[in-house]
């Protein structure tokens, strides 16, 4: 393996934060406005002094306030699109000849100039990092000015190419990981909040816990997405049993089941660039290699849209053949039901399970999509719906969003492609028989 | 510094050469032809099983023979261009509205499908590497089928984005560098051939020698471009004094001058993606930081087109006010002149110097460009023409290509931008007075 | 630099925690008692199967309870000393011949067998680590059985050789350091307690803070000793100004003074093996190299024995020409004086300063040594006593131990040797004139 | 794994070659002779300025010529032994009391002062390296002055402790290893000479070749010992089949047999410090882990003493019941026999095989040891004698030293301890039945 050489190789990256010699020549002149700097960077000057100019632009940008950034993005939209004359000529030529050369010319002529601008801004030290921040700021600006989504299309195109899975690096996160990375894991965990360093350690250090993240070589301290994994001997029914602080750890060699219980994206500026798909499959493969005893790969996932959907059902007298009593029961706030007696609870739980199955298997949005976003993610990756766990998450948030219900999606490496196709082409939710059985018979 | 974390981070890259679990599902089916695999990869299947499909395509491609590759590229050209219907619709819409959204849609619709194909092929382990090889093979195919340059345009676009300077890593090459990298330095040195490991060591190990290369994190064992540097106390006049095996090494701290005496590109598949520009400036900055005593940064460069140009001049009776004797002298093969007597040699040398100045300062191609490619490179980078060294390279090749003349181009970090602009915008060759004085007075 | 190769080289160390093939051959037999295993390890068996036997001993040792460990150490003392017969013969021969060979033989014969035992135990994975723990346990056992110090002499001899400065590695500790190392910094800080991760970050991350530790290649996760440094523009008078959470950080380039404000040993099992001496000098050199603007290297140190000494002085009517009022003042608990009015406080502060100077410059123990252990450490390293800071540490501990007084010791790299000699050979405390002036005139 | 942190940790080692600030204070004074510097280093001065003093001594030593070094070693012998008075007192006290404290004091008093001197010399940058060179020079001096072996005893004692297996690192050597390490592999290969870089590559790069070396963290560029391994499907009979340049490589996964065909020590200065024992076993374990298909671990070894022994046998009329014809045959120079006809060759080969069995199983030196040093090494490690291969090495050296015979020793991890004990305690050579059968019946 050549990792040692690579290690040294990469030390230079870290170094690039240094002052560029001659930098002051650009900034010192003062007052060259940022749009002028951008034009320079795209001109021949950019060829001679690209790094320094790019750094000047990015530093100027970082000093802009919110209105300044909105103005900057507007300039990008209005003045850094394609060259109109050239584009018209290319369109004309395409209509005349329609040949391959004309197509190629048309593609080039229709490329907004800001794409090349972004590529040149990447010359600056930390350029990639600042460009990702820039897109994050763009999202904010887009709320005020939706037309800016034309600018975002270029960011998205570029980041899709730069953050191609082929350039990402999967890395285990553990208690030996640098603290500056770990604090980002604490900060970005979006599913089951991490309560400080002791809680973090409980998720990383025990032998039956794993955490993996994707990194990009240019963003060394910044995980892009990470997944937390518990190794168990059975598919878990609740998040509580996984996160219990006093539980006894399992020797990894004895585990049969890997549970992906939390997946979090870290970079708002990379929204829409999909990594999670690759992450789960890669981690599953790596774990299988390390621990051949593993034969089951599942998630323990929330149903973030369930409570909302259920409220609509409960409010609709004709829905799903529900009796009035059932609708009343479903309309009760989740918190209120904690103190139910056993029989009542069992009845309620049964009903919730039926509704969850209905929600996941049958519910469709106006555009015909499966309603639940987490379900769409895992089913789209080729997982199947394995089990519904009523009472899986009794935290305030779990009750509020999903009446405490959680779901296991199962990744069976041999079925992923078939499952994916069923879902992608026929909109079919592949589910285990135990889930399908929960469906109430449809009225006549 | 975070290099340690990075080091570990990158170990996973090296690992990616492993067999992908489930790979055989694709290859085992046998006989799915490569174009079918490519279509699958672009389809929803590619989303579910991208890595395995990409690997299947690349392995199938590597097994193709030369006609097979030509056929493959032809398929890429003919069937993986843009979707014609969609493109026509986008053109239509653009002509109707002309708004930003229409422009964006036009750009997307005109993007050949092979661009996304290439991005997905990059999912495979070693994908980047094989794609670079693929472009190399494409060059060969283009000789038979020039229309394939439409395919090359897409490679070039993608590689320009992926091999952006912001993603490259500068690394010193020395005698502690892994042997598998060093052997590539031996193989790729294009200017002054390296005669095996002992010669290599003479260029790397002495305290007054340096070598630097750019690497891409995905191509760890493959330098992209490298430069060899000699540290001296004066601007050198000949390559012989630099490469003399028995010379005494200079303590680096005593050096005042860094001489870039050889720059070599390593990856034919990255032809046209420019790195040299950045390399020289970055190395100059790094050396200045390490050795503050350095105040002069120059090249010692060949004039690869000089002999050819001179032959044309010598054959043209009216050219440059040359006398018949002079033209006869210039028509003599370089090798023949070795044994000239001193006075004759001095006269010849003077004449050669004048001609070289003429060649570099005044000669222009039909399209108006400076004739010499090496001159264009350095002048375009913002260097100035510092000195002409007659007798600088008396090797067979040096005599044959340039009558033994070599040139120093000087990189003065403070003047780079000005020099570049003079050259880029006014086609002016910035030269020292000593070079300009060599010019023969123009006839009347 | 060869660090990359080294990095890979060392990966194997980390690996050595793996199960040894064939291990069970030894442990499986069960019940071979630990002393028998030790004898085997020293015998020819140890040559054939040293690693496995060493691991068996160390694992058995780790399972021992406290009485078991006492028994084990007693066995080491009684049965693993030198071979008595061989020693007597060597003594006899020495008395007869007295030649170099006899001396060498005597040295060998007098070496306790446990020294070789310890060396062979080091063959086990993690051997060094467990041996350090073993010595820590020995300290506890020595409280019950002082004669065990004969065993400690062998540990100390061996560790002195193994943890020779030449084998240690100085490493900066910062916010990018692995969490498992950082938590040890929190745990081991012995001077100014670190209040959790946020406090730690305040000591590591700001640009005017540094922390360095010595490591041994065999104890990668275990700092041996570390020093915390503040970069300032003046010699500080109080720990409060350094640790103030809200203070504004200084750009490192502007610093003139490096303050070593805390030095902590981490490994109880390495007690008496001195590293602090080298650490301070090495860090001073490294900082000077990184930040040439630094010209002052000082500590901000406690006087841990001051309050005790002062209590004795205050209780002794004839001591130091003190008036009764002064003695009464000095007898007051430090905490009580917080609310003094300004004039009274000034008088008290002046008196405390005089007493501190007396304590450091003149006070000697029964054996004639300087009383304060921290003073002995820094003066023995060649520092000089620079300034006494009354009110330098108003924490409960600071008041209790030293009435709030702190001291700056100054490391002037040019005077270290002279200062050291004055202290080591003449017991002279080198001090600045401002400190010497604080001394009260001696009675008559 | 914590290797990343370690990697960074170790970068500081590489750095230690830097100039020590203040160094010139010692060397500048000029003319302080080396023995005086040594005394200073052992004195209190050494505590204050140990690193600088140690460096001064080592630099002075490196400038000494051969007579100077002899003089230096003589001083070490005569003036840096134990303190005579203190030793006599310790002997006296031991004879009086004989208690543990007296023993400990005796051991300390009998330790030559040069041991502490060596430990302090190790404070210098590169100290360990120079000390190893120093011992190498000592061997040369010992030829002139055998009494210096008293000095060597101290080197050996110290190196035995410092180069303890627990501190060594096993590392694979391959074609990605830094060139400066590889050139040492070429230089130090002692068994089957490596003919330059191409030959080296043939031994490192094919998938069925491995090379491993031990390193010490302080000697990063210096392998201590290395072993070359061939992966095969059968126990090889000749070195020729292994080193054949045109042979086809075997996929490593198909190998059943690992052949250790060359073991070379690299550091003459570490002579007598044994690593080979650990190296073979460790490599065997690591290979078994990587390639579970391996079930046979053997050497292909020379018999360096065979020809000499055989000559003596051939010259002794009564030896081994040999007929005169046989003795005549054995007396023939090995080279002469190349052209024998088949039957004669077969007869000769049979005789050589019998003699080799006799040599290995029965021949004993005057002191009763097995004669062949390579046999002693492997048998002492617990290997068994597996097969005798007549014609295994037909190189000039192989014919000259051992009439072309080679031997396989087999390492069966389950039998190592038993084999070792048989050899170590009963002097029994454990051999396969096929070897034992070669023995000629002893004349009653």
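Just so it is clear, A, B, C and D label the chains in written order, and each chain counts residues from 1 on its own.
Everything that follows uses one rule, which is that a contact is a pair of C-beta atoms (placed from the backbone, for glycine too) under 8 Å apart; a residue touches a chain by one contact, two chains touch by 3 or more.
Just so it is clear, the model here is predicted, and its values are computed rather than measured.
Taking the definition of touch as given, a chain qualifies here only if it contacts chain A and chain D alike; those chains are B, C. The interface at B-D recurs elsewhere; of C-D, A-C or A-B, the pair that shares more than half of its residue-numbered contact pairs is A-C. In this structure, the chain pairs A-C and A-B differ in their number of contacting C-beta pairs, and the larger number is found at A-B. Rounded to a whole number, the gap between the C-alpha centres of chain A and chain C is 49 angstrom. In terms of their C-alpha centroids, the spacing between chain A and chain B amounts to 38 Å. Among all residues of chain A, those that touch two or more other chains are 1-5, 7-9, 176-178, 180, 221. For chain B in complex with chain A, the touching residues are 1-15, 18, 20-22, 25, 44-45, 47-51, 77, 81-82, 87, 91, 94-95, 100-101, 103-104, 106-108, 110-112, 119, 122-124, 127-128, 147, 150, 153, 158, 160-162, 164-167, 169-171, 177-178, 180-181, 215, 217-218, 220-221, 277-278, 281, 285, 288-289, 380-382, 413-414, 416-417, 419-421, 424-425.
Residues 1, 3-5, 7-9, 175-180, 182, 196-197, 201, 221 of chain C touch chain A in their complex.
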